[in-house]
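In order of appearance the chains are A, B, C and D, and numbering begins at 1 in each one.
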Amino acid sequence: MDTLNQILVTGLTLGAMYAMSTVGLSLVWGALGMLNLAHGVILAIGGYTAYWVIAQMGFPLVVGLFGAMAMGALLGVVMYFGIVRQMLKSKDFETNIIIATIGIAIALENLLLRGFGGSAIPQPIQFSGGFWIGMVYVPWQNAIILITAVVFMGLLAWFLQKSRHGRAIRATAQNRDAARLMGVDTGNVYIQVLALAGALAAISGIMLSSMTTLTPGMGADPMIKAFIICVVAGLGNVGAAAIAAFALGMIEAGAQFQFGSHLGFPTLLVIVIAVLIWRPYGLFGREEVERL
Amino acid sequence: MASPATPAPAADTAGATLLECEGVSKYFGALAAVKDLSFSVKAGEVLGIGGPNGAGKTTLFEVISGQTTPTEGAIHFDGRDIAHMSAQGICHAGIARTFQLNAAFEHLTVWDNVAVSAHFGRHNRIFPGLRLDRRARELSREMIDLVGLTDSVDVEAEHLPVIDRKRLMIASALVTEPRLLLMDEPVGGLTPPEIDEIQKLVMRLHEGGLTIVVIEHVMRFLMEVSSRVMILDHGEKIFEDEPAQLLRDPTVIEVYLGKSAAQSLLATHGGGEDAGAES
Amino acid sequence: MTGGPLLEVEELASGYGSQLVLHDISLSVREGELAVVLGPNGHGKTTLLRTISGLLRPQRGQIRLAGQRVDGQRVHRIVAAGVVHVPQGDLLFPDMTVLENLQMGAHLPAARKEYQQRLQMVHDLLPRLAERANQQARTLSGGERRMVGIGRGLMTGGRILMLDEPSLGLAPVIIEQIYEVIGRLRDEGITIVLVEENAERIAELADEVHLLDHGHIAWHGPAVDLMSRPELRATYLGG
Amino acid sequence: MMSAAQRALRNDIVIGCILLALAVAAPFVVDSRFAITQTIVFFIWAMVTVQWNLVFGYAGIFSLAQMVIFAFGAYMTAVIGLELGWSVWAAAPVAAVGAVGFSLILGLACLRLTGAYVALLTLAVAQIAYVLIRTETLPLGGQSGMSRFGDLGFRPMLGADWYIGNYYVGLTLLTISIIFSIIVIRGPLGLAFQALRDSPGLARARGISRLKYQLWVFGATAFFTGLAGGFYAAHFRIVGPQILSLSLLLFMLAMVVIGGRGRVWGALIGTGVLLLTDELLREVAGDYRNLVLGLLIALFVMFMPQGIAGALSAGVDKVKNRLTRKRETPSSH
């Protein structure tokens, strides 16, 4: 019984962390049709910013959290004005933007290396101790990660469903020209979406580094997992991405206990490849018929 | 590959059924684009299809040509069931089509557009081959001359005027040596003189023994080219008969033609039994 | 306010990349007028509306709304200035309900202020939209989609309503209903620009008709004059 | 009069011969060992990028699997050498055929997807291979890699100048793979891919099956990529998991992009330029090498999407037009 509880706790924590980064990625793809390969390094920068604000500048934890979110959002906006705006007009934007964001990812990771050195740094936002629910011991660290993720997912869901700007984002994702004809400033929408995704990535960077440590390359693996979750859920389907994140978090936790910690990730990938072969457009994705 | 039904004799002798649709339906969610449609096309015949936009005409072509699969029903071409065959397989089986929105390979020249269709469209190739085969080159030259694009051979498709794009589509369909040609609005958006040109070309193809199914809004063209006309509305067949009867059918007039258009066409075409539409 | 023309287009040239579709278009529409642009497919009707609403940037020429230049501005600014464009093929938001589509129409602050009365007006004019309020747009029939498209445009509450081929893909009986709605809108004094491929009946409804041929205005004038010109009727009002 | 396609083919042959002549003469003219061995590295990476340009630039498959196929060739050569004791000359071609098999399996899994999905799936496969080898789940020498499986055998013959032998083998392999790529690009398959890219629906209706011909090019290019892997193993006499690292994959992608996707000579130019920049940056930028490289990739794809080769051919066309306009009499239009 005990290992089952352990898997549950680890699985939910992994799920929460993946949900935070995956949802932002899926939102950016939905609204812009853009796969952001710099998403991983933004996640890492979020973690490092929290460390810099708290450990080096001595501000309280909360300032660290919001500082990291602000940095993530800022990076999103800078990327919009720096790269995305010009490239939106170019031909085959979809492939070019992936390559451009790869370039940015390499450059930013190099700056992190120079700025903070290559050795692992502990994340100051940490919580020790825990509490018992029935037979299950739940460390505070895991609980806070889960709560934070659920809170932000709820806020995001409300924002997208109910608020005016949220609806404008969904409209732009469904039909850009129609949204513009309703008076939506799509440029503004893209900035909001990229900033939102950056902030969410920064938080998941803090979560991840609080469970492991800060290293310049920490963003690569979680980014690939986030992509895979997006693909399984069908690119652009934000709600499904959150659900798939928790599902795959549980599977990876189960695989880690079953085959050993280093095999969690490969098992995940094998499952995803199976899903894609069975449903080439993801579980919830739909195939568009091209009319000539 | 669905196993063919009883192997029917070669259908090219005029009058034998070439294409047979039985109870064909296609649903997009709750919407029935084509609803339980049954009709057949005889070798050497020209079947005209009319009806308002969104009546399911183009969807019917997409189902026959394998771009999408039918939700229900069977489609037999030359005795073989092609309902679930791939678009490439159906092209190799001998059905070619043109498209409503003047599709072409934009960045390829007229020659390359036709040559690539000739090379890959006539039969299934395991190896793509290292050079265009001789037959493909001959056919391409022949069809480009037939449709009258001889002097714009090196022009890229994207720079062609609408009428030449339609000619290019016809040529790239013909080089796949089809036994059945599906034409989707061959004269859509053309001026009257251009319509006459395409009409002459289609008549010439028909005289050459090619079986044709053509979708068109321009009634004058549809009446003069077709040996039989079928009108669809909301995915269902509401008329199938000689073109001359079309103008007297109350439901067609009420649903599709509208009274004034029917009168003017009757004046020029209807005039009693010797309607000019007899092929 | 029947002062100067509400919409003026002068020597407009527009197209896609190197291919010009519109060569030299000049037309003006007065307040409260129903102007109809007729012409075969592929001769620039849709390009004209997409250029006026800003989806396409004009390569030459000017567009003025109530005297103010709007050409070259971003779409959301032109819409804010009062141009409402109901695009060809509706372009609804498929995964949103009918009500959400209408809410999107009232995205701009000015429109949002009068949201309730405007929604009531649209529901009175198009009762079917009230019945289908919570249905996903993707599942609607052709006629219903067209009504949502027009209803969403009306929610924007601009000064000039541009409709791109409202009869496209509809059975005649439903086209009748759509034109009846357009007639009522005109009676309420809403300025309308209507683009159609060949619509004999709508030509009778129109105050001014502009015939578009290969990217040029071949003729324009009152509808009644057009009716008395057989050669124009033959080429432009259905073969 | 020669059609445009034949003229283009003639140009390719002329450029090819000139480059080949220069490369053949190089070892006699240049006596610096470093320059020659670096050129061998250029040959290896050029073989990979030329094949990748066929897959990504021409066939329009956004695959990131090129390096995992390359690694398959390298590791299989090492395994055959160690387990069966074969010489590298026999092991490498067999490994290349193995790479074709591997790529067909991979292709069947990925090629039904399109665009971003293919990139993600192939990236995932590459990451799996990297993790499995590094954690020794696959018995392939783990982090330190595999060695002692033999080499091309020039040491006994040429002694200190053994690398000259490797140089000419590398040059031959690169020449063959370029000839293969030109044959494909200028042949019907090249037309088919342009058709598939312009309008997949129309191509299907004209009998061109996307999956079959993408699989065909995936397998064919895998042979040369696998062979390049084998040659890499023979030249360096060691094969380690770092050839599967993300940074190397992205460096190679940069070569294809900056060089010019969908251009016959794009991959070659890109490989040369990137290797030279990398050398320069090592001294100049030192620790900031990746920073400059990353910004270079982003700037190139933003402002010169068709790459150096694209810009060059555009420049040549402009010059040619200006020349023809001067020669034609003004009244001809």
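Here are some notes:
Here, a contact is a pair of C-beta atoms (placed from the backbone, for glycine too) under 8 Å apart; a residue touches a chain by one contact, two chains touch by 3 or more.
None of these values were measured; they are calculated from a predicted model.
The greatest centre-to-centre distance from subunit A, using averaged C-alpha positions, is reached by B. The chain pair with the larger count of C-beta pairs in contact, out of B-D and A-C, is B-D.
As a whole-number value, the distance joining the C-alpha centres of subunit B and subunit C reads 33 Å. Averaged C-alpha coordinates put the centre of subunit A at 42 Å from the centre of subunit C. Between subunit C and subunit D, the centres computed from C-alpha atoms are 53 Å apart. Among the residues of subunit A, those in touch with two or more other chains are 292. The set of subunit B residues touching two or more other chains comprises 67, 99, 103.
Those residues of subunit A that touch subunit D in the shared complex are 29, 35, 83, 86-87, 90-91, 94-96, 98-111, 113-114, 220-221, 224, 227-228, 231, 235, 262-263, 265-266, 269-270, 272-273, 276-277, 280-281, 290, 292.
Of all residues in subunit B, those touching subunit D in their complex are 65-67, 86-88, 91-92, 96-97, 99, 103-109, 111-113, 115-117, 119-122, 124, 128-132, 154, 172, 176.
Put simply, subunit A touches subunit C in their complex at residues 164, 167-168, 170-171, 174-175, 177-187. On the subunit C side of its complex with subunit A, the touching residues are 53-55, 74-76, 79-80, 84-85, 87, 91-96, 100, 103-105, 107-108, 111-112, 152, 156.
Within the complex formed with subunit B, the subunit D residues making contact are 3-5, 183, 187-189, 191-192, 194-195, 198-199, 201-209, 213, 216.
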